[in-house]
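Just so it is clear, A, B, C and D label the chains in written order, and each chain counts residues from 1 on its own.
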Amino acid sequence: MSAPNPPSAEKETGRLEAFSDGVIAVAITLLALDLGVPHQEAGHPWHGLVHALADQWPIYMAYLLSFLTILVMWVNHHNMFKLIERIDHLFLLLNGALLLLITLVPFATSLLAEYIEQSDKKSAQVVYAGTFLAMALVFNAMWRYAARQGGLLSATADQSQVRSITKQYSFGPLLYLTAFLIAFISAEVSLAVCIGLAVFFAIPSNLLQRTPAI
Amino acid sequence: MSAPNPPSAEKETGRLEAFSDGVIAVAITLLALDLGVPHQEAGHPWHGLVHALADQWPIYMAYLLSFLTILVMWVNHHNMFKLIERIDHLFLLLNGALLLLITLVPFATSLLAEYIEQSDKKSAQVVYAGTFLAMALVFNAMWRYAARQGGLLSATADQSQVRSITKQYSFGPLLYLTAFLIAFISAEVSLAVCIGLAVFFAIPSNLLQRTPAI
Amino acid sequence: MSAPNPPSAEKETGRLEAFSDGVIAVAITLLALDLGVPHQEAGHPWHGLVHALADQWPIYMAYLLSFLTILVMWVNHHNMFKLIERIDHLFLLLNGALLLLITLVPFATSLLAEYIEQSDKKSAQVVYAGTFLAMALVFNAMWRYAARQGGLLSATADQSQVRSITKQYSFGPLLYLTAFLIAFISAEVSLAVCIGLAVFFAIPSNLLQRTPAI
Amino acid sequence: MSAPNPPSAEKETGRLEAFSDGVIAVAITLLALDLGVPHQEAGHPWHGLVHALADQWPIYMAYLLSFLTILVMWVNHHNMFKLIERIDHLFLLLNGALLLLITLVPFATSLLAEYIEQSDKKSAQVVYAGTFLAMALVFNAMWRYAARQGGLLSATADQSQVRSITKQYSFGPLLYLTAFLIAFISAEVSLAVCIGLAVFFAIPSNLLQRTPAI
């Protein structure tokens, strides 16, 4: 486990990254399947395609938010793996749980888009913010497991940098927990918090003097 | 075939792994397409989104089970290829048969989710457990073909380790054959066995002192 | 263009292969989307799930045939690229045309599955066999363009081997042209020829003393 | 940032390219999902499958145009990354915006195919040409950001070649702006311009003595 086979260890991480990239790429592209073309229905007055598209604004807003959130998650996944050198079976399972949650995002997005203008909007937003909260929790668990006694990290990883990242990553779950809890009171405020978080995490870190986190 | 071109052999395995990863990544993500958003139908009483989602529990259960089973299959595929150095045409075909079965999982999952609460549930569970049985059989055939006289394995693979893996892998088909046969008597018991097997194979091997197997 | 940058040339081929693998992996997995779950319709007598699945035999047969044909195409694409070292813009376009045809296979497969038991079956089989014929023609054009004066091949490629492959590859279009023309007379015979060709091309070459070809 | 870790920088670019390839491969394959099989509807006269397929010509034309446009975009993305050695957070976001637009192409294509023969065709073509215009703008922004003071380019990139590419790339947005503006006057002319641009950008550059651009 020490020095004999670094190339094999390299290859192992590479295939996990490639598989994760594949799942994330398919999930982020499937989001667009929910952007249905509006049909002109017989017997209904038709106010034109522009109006029909404008009426679908919740679908586009949910699409943009979910795309940005998955993209930020991919950037973080990518940054985490730059520090990781080895993987083990439990880490594979945690990564699998993260991928499962990412593949659920298109479903949660459809749910939100369909119910955001209806009376059940709070339930839909609870599911939506809950999916993001679960993603933030699993992502944190992955990092903490990898960094625990430096278990899976590269030998060249700086310990003070590792502690700094651990501290920064722990804000993500707290912020998404807030959004999740607010969803039980107001779907709109919770959604606004989710939008704010996605934009905040997407801003280049050199503008905010921090490392990207979720 | 001996030493002249190791880089080309390396590249060959790499592209087969990448293609397999692509197919598995798409199949595992397409599972989520079956998670339809419940619609409020005109003329039907509406008990709210929470009830509607709760009524879909078979869809979520089947989704989780299929996701976990494909994930475990990917982990095993990944572990097998760490020992494989060369591929030939018949091995490509066996791998193709495994990919075919993996792409059938979303269909078998939809079938199970739709019929698990109906009178035809046994037929649906026979198809579902049968798909997993076929996956276990083809996976075993791949390993045995690769290990036969060490044909496709890395020259550094330890023969006693290879025999040990062959022995462990042979339990997968037997266990899934049991689940398959039980499906003709009770869909629920067969499904419970499938859940148990997926969880068992997913548990980190260091907790059970064994190599992952299917 | 001669010797200065071999690593960059290597990378170029690698990304084209990865992109092609991605498209082929998605297309081969999307085939399974056509395997719809049979629904029990109100007002219709229901003979059970087993009968309903058995009635869908054309869908399963078309699925298997299309999966095998795309898989054989991937194997051939993979074998071709083992001999190719450089790519140019026209080769990228030819590869793009091949990918376009491969992404059309799920559509042609759905068409065939829906019409094989109806009066318009000949039209559907003309489209289906025509798609395979076009794939074989474009694949041949790629090989001939790459091998022309050894333009894109590895410097180590043996000229007599190259001429032998060129000769063998030229049978694919002729065989698929036959299947295509028969489709105007009999859908069933043309389909049987397509099945025979897919099985023939999939058989390991050491059993037939030939190189795989389409 | 200078010489200490070239292998890590290499890997970073590699994973961004692989993720981008995955998203583009899924998006280009999802285009084919819009190619629906025509169904023989009860109560409607049926003029045969050939007529039904011929009536769908706008779907096939839109499919071909969108496939070619995404393919050309992939070729350009590929060519750009041959010159790029480093990436930063803002570049990741710009690349993310490009991927978002590429995943919108199947939606814009469906919209165009459905409305090109209806009275709202201008609105549909505004969305379609607008998507391509946005892609050309974001692609240009990526290149200009990467080339700004040679920030993200390989140290071996020739400055005069870089300035020449910058000049050539700037034509793409101007040409697509023209197509976009024409869409407000005539959907057909705007669509013809889009077809012309896709064909022009796809022609091998050695025939036109220029570098591929969008």
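The rule we apply is simple: a residue touches a chain if its C-beta (ideal position, glycine included) is under 8 Å from a C-beta of that chain, and two chains touch if they have at least 3 such contacts.
From a predicted model like this one, the values you see are computed outputs, not experimental measurements.
> Could you tell me which chain lies farthest from subunit B when each chain's centre is the average position of its Cα atoms?
Taking each chain's C-alpha mean as its centre, the farthest from subunit B is D.
> What's the call on subunit B versus subunit C, same or different interface residues, using the half cut on shared numbers?
The interface is built from different residue numbers on each side, given that under half of them are used by both copies.
> Mind checking the centre-to-centre distance between subunit A and subunit B? Centres are C-alpha means, answer in whole Å.
Using C-alpha averages as centres, the distance is 25 Å.
> Just give me the whole-number Å value for how far the CA centre of subunit B lies from that of subunit D.
That pair's centroid distance is 36 Å.
> Counting only residues that touch at least two other chains, what does the list for subunit B look like?
Expected reply: 18, 22, 25-26, 30, 33.
> Mind pulling up the subunit B residues that touch subunit C in the complex?
8, 11-12, 15-16, 18-19, 22-23, 25-27, 30, 33, 88-90, 92-93, 96, 99-100, 103-104, 106-107, 110-111, 114-115, 118, 120, 123-124, 127
> Where on subunit D is subunit C touching in the complex?
17-18, 21-22, 24-26, 28-33, 35, 37, 39-40, 48-50, 53, 64, 67-68, 71, 74-75, 78, 81-82, 202, 204-206, 212
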